[in-house]
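Look at the two complexes coming up: chain A is in both, with chain B in one and chain C in the other.
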Partner chain A sequence: MADVLEVRDLTIEFLIEERYYRAVQGVSFDIGEGETLGLVGESGCGKSVTSLAVMRLLPTHTKVSGQVKFRGQDLLKVGEPQMRQIRGNEISMIFQEPMTSLNPVHRIGTQISESLILHRNVSAAKARAQSIDLLKLVGIPRAEQIVDEYPHQLSGGMRQRVMIAMAMACQPSVLIADEPTTALDVTIQAQILDLMRHLTAENHMSTLLITHDLGVVAEMCDRVAVMYAGQIVEQGPVREIFRHPSHPYTVGLMNCIPKIAGERKRLVPIEGNVPSLQNMGVGCRFAPRCPKAMDVCHEEPEEYSVGTEHTCRCWLHAEAGVTSR
Partner chain B sequence: MYAYLIRRISGAVVVLLGISIITFLLVYAVPADPARMIVGPKAPAAVVAAVRAQLGLNLPLPVQYIHYMDRLFHGDLGTSYIYSLPVAKMILQRIGPTAWLALWCWVAELVIGIPLGIYTARHARHKRDYIVSAVALVGISLPVFWLGLVLLYWFGFEIPILPLGGSGGIQYVILPAITYGITGAAYYTRLLKSSMLEVMGQDYVRTARAKGASERRVTWRHVVRNALLPVVTFGGIDIGYLLTGVVLIEATFNWNGLGMLAYTAIQNDDVPVIMGTVMLIAVGVVLFTLLVDIIYAAIDPRIRYE
Partner chain C sequence: MTEALLQVEELVKYFPIRRGVLQRTVGHVKAVDGISFAVNQGETLGVVGESGCGKSTMGRSVLRLIEPTKGKVTFNGKNVLSLNKPEMRAMRREMQIVFQDPYASLNPRYTIGQTLLEPMKIHNLHSPGERMQKVHSLLERVGLASEYARRFPHEFSGGQRQRVGIARALAVNPKLVILDEPVAALDVSVQSQVLNLLEDLQDEFHLTYVFIAHDLSVVRHISDRVMVLYLGRMAEVADSEELFTNPLHPYTKALLSAIPVPDPDAKRERIILQGDLPSPANPPSGCPFHTRCPVAVDKCRQEVPAWREVKSSHHVACHLV
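Right after this comes the complex of A and B.
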C-alpha cells in the first residue's frame, strides 16, 4: 500500500508573549491509499493543530518544522499559490463545528460551488448542478431546494452533511476530519460516520480522523495514533491497540470507557490534568500522571516497537528496542 | 420578510408620533411668547391678546396638538417670526443644497474610510496598520472648522483653483466634502477594522481557506460582507444626520443649507423654524434607520427569515 500522506517529525511552535512554545513535537505518521488513521487524544493535546499544519492553515507566527509529504511532495516547502491548488482539491477538511463552519450570508449551493469553481474551472450553472448532485450524494433530501437555502435554515446534522459535500466536491485523495461528529446528537453521529465510511471506501480516499472518542475509532479506523501533550505516545493497528494497549496513557483512556457487557465497575479516571504548554516538564510528558512512573521517566523515552507495526513511547517497553524510524 | 418590514415600519410610525409631541411642546419650553415675538416688543397688550387668540394659544393643549398635527399633514409648518415666511417653504428651498452637500460628504467618508478599514484589518498589528491608524486618528482629531479654513486658504486663496466658500455646483462641494471625509472617515475605518478582525476569527473563514480560496477571495467574499453590518448601521444613521444639515460645515463654508437655517433660527428664537427643522431632522433619522433595517435584511439572510 503506497503511502499518500507521510508526516515526519512534525514540530509546531506557537508564539505566546514573545516566546515560542512547542504544541506538537516530533509527530510522525503515514496514511496509505484508502486507509483511515485515527488520531486520538484529550482536548489540547495537539490533534487539531497537527491537522491544520498538514493543511498549512495555522496562523502566521507559528513555527512548523519536519516534513508533510503528500504523494512524495513536501507540503511545508511548496509556495502558497501551489498550496491553494492542493487545499480543497487534493486534501480537504471537515471541521468540528457544523453550526459555525458555514458562511451565514451565502447560499448552500454557492458554498459548495466555490471549491468546484476554484479547482475545476466550471461555470456557475454547472457548479450548481454538481452541487445538487453532491447534496444528494450526502443524503440530503429536497436537494434542489436546499441548494438555494442558507445555513441557518438547516439542522446541525444537515450542515455537517453539507460540509462533507463541500469536502467531497473535488474528489480529494485525502480527507481530514477534525472531530466531525462531536457537536452532533448520538443518532446523527452514527449516520454521519456511516456516510463518511461509505464515501471514503467508495472513492478510495485516505482519511485522517481526529477524535477523542475511542468508540468512533473502533468503528471507523484501520490504524490509530494516540497523542498526549503534543507527542504520539502509541501507534498501531486498531485491533492490536484495543487488545494490547501498551502505553499507560492508552490503558487509562480505555479504562475511561464504560463497558456494556460484563460486570459493572467504577470507571477509572486518569488523575491530574494535561500539562500546559508553558510548564511542560522534561522527560516523559505523561510521567507526572502515570501510575507506573519510574526514575528513568525523567528522561525522554523514544518510540519502541511492541508488536507488528505497533510502537509505544514508554520506558516500560524499552527492552523491545528502538524502532527503525 | 413582510412581517419584518411591517414591524419595522410600525415602530417608525410610533417614534414619529412621539417626536411630533415633543416638538409641539417645544413652543412651551422656549421662554419667548409667540404672540409677543410676532407683534414686537412695543405692541400694546390688547394686540398681543388678540394675536394669541388668533393663533389658538388659549385653547387646551390636546386641542392645540390636534390642530398642529392637522396643519402638519397639510404641509403647514407655521410661519417664521422673523421673516414672516412659511417655514415649509424656507425648509424646502434648503433641502436641495443640503442633500447635495451631505451626499458628497458621506461619499467622501466612505471612499476614504472603507478602503482604509479593509487595509488596516488585513495588516492588523503590523507596521502598516499602525501608520494608517495613526493618520486616521489625526484626521478624527482635526476640528472641522480649522481643517476647512486651512483648505479654503490653500485651495481658494493661495492656489485659487476652487471657490472661497458659498453654495453651488461640484466645484463648491469639493472642499467641504474632503474636509468632512477626512474628519469622519476614521469612524468607518475603525468600525470596519474591528468588525473584520472579529469575522476573520470565525470558523467559516477557516473553511473558505480550507477550500483553497486565496486571501483576496477570502477577504472580499467571506469577510467583508459579514463585517459590513455594523458599518451599514452607522452609515445609515450618519447620512440621516448629514442630510438634515451639517451645521459646522455649512457655517465654515458659508453654505446656505438647513444647518445654517437651524443655526440662525436658534440664535433668533424663531420657534416655528426650530420646530420645523427639528421635525425634519427626526423624520430624516427615522427614515434612514428604517432604510438601514431594510438593507440589513438584504445583507444578512438570517434577519429576512426571522
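Right after this comes the complex of A and C.
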C-alpha cells in the first residue's frame, strides 16, 4: 500500500511572550491509500495543531520543521500559490464546529461551489448543479432548496453534512477530519460517522481522523496514534492498540472511561493534569503522572517496537529496540 | 423502600415565543411537558437525552431557578412551588446545583475563597471566624490545596474549576445536588477523577444526586436509576442495569446502539435514526418520537402513549411495548 501522506519529525513551535514553545515534537506517521489513521489525545496534546500544519494553516510566527510529504512532495517546502492548488483540492478538511466554520452570510450553494469554481474551472451554473448533487450525496433532503439557504437555517447535523459536502467537492485524496462529531448528539453522530465511512470507502480516500473519543477510533480507524503533550506516545493497528495497549498513558486512557456494558467498577483515573506548554519537563512527558515511572524516565525515551507496526515511546519497552523508519 | 426525598409531579415548563412590537405571545417552546419522578434519599437518578430534550430546564425548574409553568415539586415533604422568596432561599440550602461549564459558572472577580464563603454568608452558617476554616477543609475535601482559596478562577484548569463548583455546592451541607452535565466539558482523564470524587462525596455526606448528562456511559456508571427524555417528555425510566441491558423504548434502543464502543471487534446491530430532532416549539402529534421511530404505526401519530409500568419499576411510554 503506497503511502499518500508521510509526516516525518514534525515539530511545531509557537511564539508566546517572545519565546518559542514546542507544541508538537518529532511527530511521524504515514497514511496509506484508503486508510484511516486516528489521532487521539486530550485537549492541548497537539493533535489539531498537527493537522493544521499538514494543511499549512498555522499562523505566521510559528516555526514548523520536519517533512510533510504528500505523494512524495514536501508540503512544507512548496510555495503558497502551489499550496492553494492542493488545499481543498487534493487535501481537504472538516472542522469540529459546523456553526463557526461555515460563512454565515453566504448561501450554502455558494460555499460549496467556491472550491469547484476555483479548482475545477467550471461555470457557476455547473458548480451549482454539482453542489446539489453533493448535497444529495451527503444525505441532505430538499437539496434543491437547501442549496439557496443560509447556514443558520440548518441544524448542527445538517451543517456538518454541508461541511462534508464542501470537503468532498473536488474528490480529494486526503481528508482531515478534526473532531467531526464532537459537537453533535449521539444519534446524529452515528449518522455522520456512517456517512463518512461510506464516502471514504467509495472514493478510496485516506483519512486523518482527529478525536478524543476512543469509541469513535475503534469504529472508524485502521490505525491509531496516541498523542500526549505534543508527542506520539504509541502507534499501531487499531486491534493491536485496543488488545495490547503498551504505553501507560494509553492504558490509563482506556481504564478511565466508563463502560456501557459489563460490570460497573470504580474508575481508575490518571492522576494529575496535562503539563502546560511553558511547563514541559525533561525526559518522558508522562512520567509525572505515570504509575510506573522509574529513574530512567527523566531521560527522553525513543520509539520502541512492541509488535507488528506497533511502536511505543516508553522506557518499559526499551529492551525491544528502537524502531527504524 | 426509603421515602422519596424529591417528588416531581407533572412538571411543565413552556417558554413563550414573543413576536412583534407588542411582544405578543405567538407560541410556546414546550421544553418540559409533563415529567414526573421521585428520587429517594441517597439515590442517584440519571437523566439522559439529546440537546433540546429539556433535561437542563427540568433540573433548573425543580430548584425554581426557572419558574415552572405547572406541576408539583415536593422536597422533604414540603411543597417547593408554594414557597415565597425568603422561604425558597432557605430551602435552597438543602438543594444545590453544579453547572456544566466550569468557566462560566464561577465569578472571575471573586477569589475561590470568596466564592466558597458566599453561600455560607447567605445562609448565615458558621461564625465568621469558622468560615475560612470550613473553606480550607472543603477545598481539601475536593482535592485542592487550601492555599488555592486566595487564587482566582482563571488560574485553574477545567477540572480544578469543576472541583471548586462542587465545593461551592457542598458549602451549605445540602441533601440534594442537581448535577447538570458536570463532566461534559472535561477531558476523559480528568472526567474520571471528578466522577470518583462525586461518588466518594455521596457516600461521605449521604447526598442524593440528580445527574443530568448526554453521555450514556457516564450515566450508567454513576446512576442507580435512569430516566430517558425525548422532546420534553419521559420515554423510559428503569433501574440502571435493567435499562442498559433491556431497553424497551425504541428511542432508548437507538440511543444505546448509537454509542461508539471502544472495542474494534464489538459486533453490534446499529439502529441509525433518520432525520433530526423536531423542534420543541412545534412537537409532533401523538408520540413525540414517531417522526424518527423505525417501528412507528398509525396509532403513534395520533395518540400520545400512556406512561405505563411494564415490569417492576420499569416504566415506558410506547404503544408497542
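Keep this in mind: the second predicted complex is superposed on the first by the 324 of 325 C-alpha atoms of A that agree within 3 Å, B and C clash if a C-alpha of one lies under 4 Å from a C-alpha of the other, contacts with A are read in each partner's own complex, and residues count from 1 in each chain.
Here is the rule we go by: contacts are C-beta pairs under 8 Å (C-beta built on N, C-alpha and C of every residue); 3 or more make two chains touch, one makes a residue touch a chain.
Please read all numbers here as calculations on a predicted model, not as lab measurements.
A.B. asks: Overlaying on chain A: chain B and chain C, fit or clash?
C.D. replies: fit
A.B. asks: Touch test for A:G88: chain B only (first), chain C only (second), both, or neither?
C.D. replies: first
A.B. asks: Which partner does A:A190 contact after superposing on A: first (chain B), second (chain C), both, neither?
C.D. replies: second
A.B. asks: Can A:M280 be said to touch chain B (first), chain C (second), both, or neither?
C.D. replies: Touch partners of A:M280: none, neither chain B nor chain C.
A.B. asks: Which chain makes contact with more of the residues of chain A, chain B or else chain C?
C.D. replies: Answer, by number of touched residues of chain A: C.
A.B. asks: Counting only touches as set out at the top, which of chain B and chain C does A:A129 meet: first, second, both, neither?
C.D. replies: In the superposition, A:A129 touches no partner, neither chain B nor chain C.
A.B. asks: Just chain B (first), just chain C (second), both, or neither: which does A:Q153 touch?
C.D. replies: The first partner, chain B, only.
A.B. asks: Taking the superposition as given, does A:V64 touch the first partner, chain B, the second, chain C, both, or neither?
C.D. replies: After superposing on A, A:V64 lies clear of both chain B and chain C.
A.B. asks: With the two structures laid over each other on chain A, which partner does A:A293 touch: chain B (first), chain C (second), both, or neither?
C.D. replies: So A:A293 meets neither chain B nor chain C here.
A.B. asks: Please give the nearest C-alpha separation between chain B and chain C in the three-chain superposition, to the whole Å.
C.D. replies: Between chain B and chain C, the shortest C-alpha distance works out to 6 Å.
A.B. asks: Shared contact residues on chain A for chain B and chain C?
C.D. replies: On chain A, the chain B and chain C contacts do not overlap at all.
A.B. asks: Under the definition above, what is the set of chain C residues touching chain A in their complex?
C.D. replies: Where chain C meets chain A, its residues are 50-51, 157, 159-160, 187-193, 195-196, 199, 214, 216-218, 220-222, 244-245, 254-266, 270, 272-274, 276-277, 292.
A.B. asks: State the interface residues of chain B toward chain A in the complex, per the touch definition above.
C.D. replies: Going by the criterion above, the answer is residues 202-204, 206-214, 217, 221-222, 225-226, 299-302, 305.
A.B. asks: State the interface residues of chain A toward chain B in the complex, per the touch definition above.
C.D. replies: 55, 57, 81, 84-89, 92-93, 95, 97, 100-106, 114-115, 118-119, 150, 152-153, 163, 166
A.B. asks: So in the complex, which bits of chain A are touching chain C?
C.D. replies: 42-43, 155, 157-158, 185-191, 193-194, 212-219, 238-239, 242, 252-254, 256-261, 264, 266-271, 273-274
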